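Please read the structure below before turning to the comments.
Here the chain labels run A, B, C, D, E and F in written order, and each chain numbers its own residues starting at 1.
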Amino acid sequence: MKTTITKRVTFCAGHRLFNPQFSDEKNLIVFGECANPNGHGHNYVLEVSVTGAVDPETGMIISLKDLKAVIDSEIVSRIDHKNLNLDVDFLRGLIPTTETLANKIWEILDARFAGGMLTRIVLWESENNRFEVTR
Amino acid sequence: MKTTITKRVTFCAGHRLFNPQFSDEKNLIVFGECANPNGHGHNYVLEVSVTGAVDPETGMIISLKDLKAVIDSEIVSRIDHKNLNLDVDFLRGLIPTTETLANKIWEILDARFAGGMLTRIVLWESENNRFEVTR
Amino acid sequence: MKTTITKRVTFCAGHRLFNPQFSDEKNLIVFGECANPNGHGHNYVLEVSVTGAVDPETGMIISLKDLKAVIDSEIVSRIDHKNLNLDVDFLRGLIPTTETLANKIWEILDARFAGGMLTRIVLWESENNRFEVTR
Amino acid sequence: MKTTITKRVTFCAGHRLFNPQFSDEKNLIVFGECANPNGHGHNYVLEVSVTGAVDPETGMIISLKDLKAVIDSEIVSRIDHKNLNLDVDFLRGLIPTTETLANKIWEILDARFAGGMLTRIVLWESENNRFEVTR
Amino acid sequence: MKTTITKRVTFCAGHRLFNPQFSDEKNLIVFGECANPNGHGHNYVLEVSVTGAVDPETGMIISLKDLKAVIDSEIVSRIDHKNLNLDVDFLRGLIPTTETLANKIWEILDARFAGGMLTRIVLWESENNRFEVTR
Amino acid sequence: MKTTITKRVTFCAGHRLFNPQFSDEKNLIVFGECANPNGHGHNYVLEVSVTGAVDPETGMIISLKDLKAVIDSEIVSRIDHKNLNLDVDFLRGLIPTTETLANKIWEILDARFAGGMLTRIVLWESENNRFEVTR
């Protein structure tokens, strides 16, 4: 029996999808309307899941407040209301697709939770498109 | 007894909120993190409501397909995956808040539906913030 | 200050949209894929709103249980898991669009609530299409 | 053309529905399982709508930040994670149904917004039950 | 670290649940109101998940556009606005429960994605009932 | 290929989080506003997932009606509209966090489904906080 706690947070950001090594034509073929030069943006939803034993003294794996504090300081404060191409250090030099953003969020949070406690993150870029990272 | 049909569509766009006649400091006070120079973005949800008599031959006020076609050609095609500050003709010279976007969408659609049939539009910029225009 | 109570219920049903006085070709033009001869169906969501004074003895306009009982007996029991073209007495001879279904639901419920207490019904046929009847 | 801004917030609270002047039997008939002596609770969703002119200097009716600050200080801070029967001054002596809570929230907020700007509040006690106050 | 992309699509269809080898009485016991002879229907939500490496040139596992095109041509175009008992080749001779529909969708899509990339499909028939197929 | 059926139900309950062996001060630090002496409450959403073979005679793993009957009799009837600290036998002596409630629900349901058919339960206490138990 494994118990997992999941915290959901939201943020919004702008981005433009293009590879500077591609021609404009190829960028349009690969990225479609997401290659629009002036960029666009999304409301993102992020779910972070941590698995572990429930402490009988508190009835908790980790407090929701502490979990939210980590997500806010490590992730949300660095990307909320930002431009993912220009404003975010950990995306420098990368194409800021939601797949890539999800992978980087996983790497940052996995380093903060000891013993492989982080077991899943899910990142929605719209109600119809989402991305998930698991161990 | 009044019958109203409502079509819901979604789009995404980027924007930055600032008044060029304000100082940077004042922009930050008025618009907060929305004034971030490199912009951010949202997934928007738009609902368009048309009120009228149900035609007994078709059981419809207006066909959902026709209603969607008007919304797509007049609105969605001009703002989806666009930068609202730079790419949208009908927002030129305006601060692209969601209030202002909602008002402009109303004006455009109201001109397309004869006899005051357009009775409400609702525009969400996030799950917690929405704007509504009625007659 | 007006106070309104709204109850939300769900049901599912099958239907086919066509006018027997139209040619097959015209039915296809008017109703599109909804004219498919073997029919299709939907999950519907119905919201019923009643406006009135709050009784200080109970803190209620009408009890949610009583409101649900009326909706279930008058509406849901007659259309849930039914074929709207064939199984529903109050739709006999009508094209079972959601507009028409909404109007008939309004008529039935309006007769059950004295003094114009019924103030709105909303009927969704999908997450993107809904219909509303008001006084 | 009227433009309305709506802010959505959430809170949770406990309550018990009973009228101390009713017998236990009558409380059970009127309030059903909501009369359970040890109480229960809900997650509530509150939407507050303010209607007014859009200021061309800011593109806003009122800033979302200011609107949220009023809702938080006047309402959420007084009822979130509270027992509505015991902990809330403005419900003292009342049966804390969601109708009554909605009416009291309206009275408090209407006093804070000049010139009848407050035009609607909606209060959900569950995904199927909601209450609305309008002018 | 495994990265998964999920695309959500919707469609609607009609069906009737019954086993022609059962008596009417047994069909009613087993399938309840779903055995209603004239059928009913649902709005379905389908989520398709594909797991794989993120291509550093594009930042993608597979493009959302390509993923949607496969789902639309292989699945949605064959069942949307259709009667699952009568109109769908791959359900011929089967009882069109949502379990069975989910299993057939899995088989069709699994054959289209090389190397076991398809890792999960989820199929909702209503907000309270869903079915999932995994490897 | 594994097929899983999931049933979603909702209930509401009251609770207070505190450890009687902690000082008031420590309870406030550990449980925050959830330690409020008069308690609060939530709307909970519970999803129960059962994995198994689809019976070709019925097209089902287990009927949704039977699955719901088990969840209602074993779980919902014992906690809906109840106070989790005072009214629920299987939580006696425990701190009624949602983690602990989820674990107890798992234990009760796992004993009712032979052969490890129960594969996941998910329990939401709010739209942003959820807990999951798997084998």
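Everything that follows uses one rule, which is that a contact is a pair of C-beta atoms (placed from the backbone, for glycine too) under 8 Å apart; a residue touches a chain by one contact, two chains touch by 3 or more.
A quick note: this is a predicted structure, and the numbers were derived from the prediction, not measured.
Peer 1: Which chains sit in contact with both members of the pair chain A and chain F?
Peer 2: Where chain A and chain F share a partner, that partner set is E.
Peer 1: Determine the shortest chain-contact distance, in steps, between chain D and chain E.
Peer 2: 2
Peer 1: What is the touch distance from chain D to chain F, in steps?
Peer 2: The least step count works out to 1.
Peer 1: Going by average Cα coordinates, which chain is farthest removed from chain C?
Peer 2: So the farthest one, by centre of C-alpha atoms, is A.
Peer 1: Using the touch rule from the top, work out which pair, B-C or A-B, shares more C-beta pairs.
Peer 2: A-B
Peer 1: Based only on mean CA positions, could you tell me how far chain C sits from chain E in angstrom?
Peer 2: About 28 Å separates the centre of chain C from that of chain E.
Peer 1: Counting in whole Å, what is the centre-to-centre distance of chain A and chain D, each centre being its mean C-alpha position?
Peer 2: Those two chain centres are 34 Å apart.
Peer 1: At least two partner chains per residue is the criterion; list those residues in chain B.
Peer 2: In chain B, 127 touch at least two other chains.
Peer 1: Strictly by the criterion at the top, what is the full list of touching chain pairs?
Peer 2: Chain pairs that touch: A-B, A-E, A-F, B-C, B-D, C-D, C-E, D-F, E-F.
Peer 1: Which part of chain F faces chain D closely enough to touch in the complex?
Peer 2: For chain F paired with chain D, touching residues are 10, 12-15, 33-34, 36, 38-43, 80-83, 85-87, 125-127.
Peer 1: Touching chain E in the complex: which residues of chain F?
Peer 2: Per the stated touch rule, the residues are 1-9, 49, 54, 57-61, 63-65.
Peer 1: State the interface residues of chain E toward chain F in the complex, per the touch definition above.
Peer 2: 17, 19, 21, 30-32, 94-97, 99-100, 102-103, 106-107, 127-135
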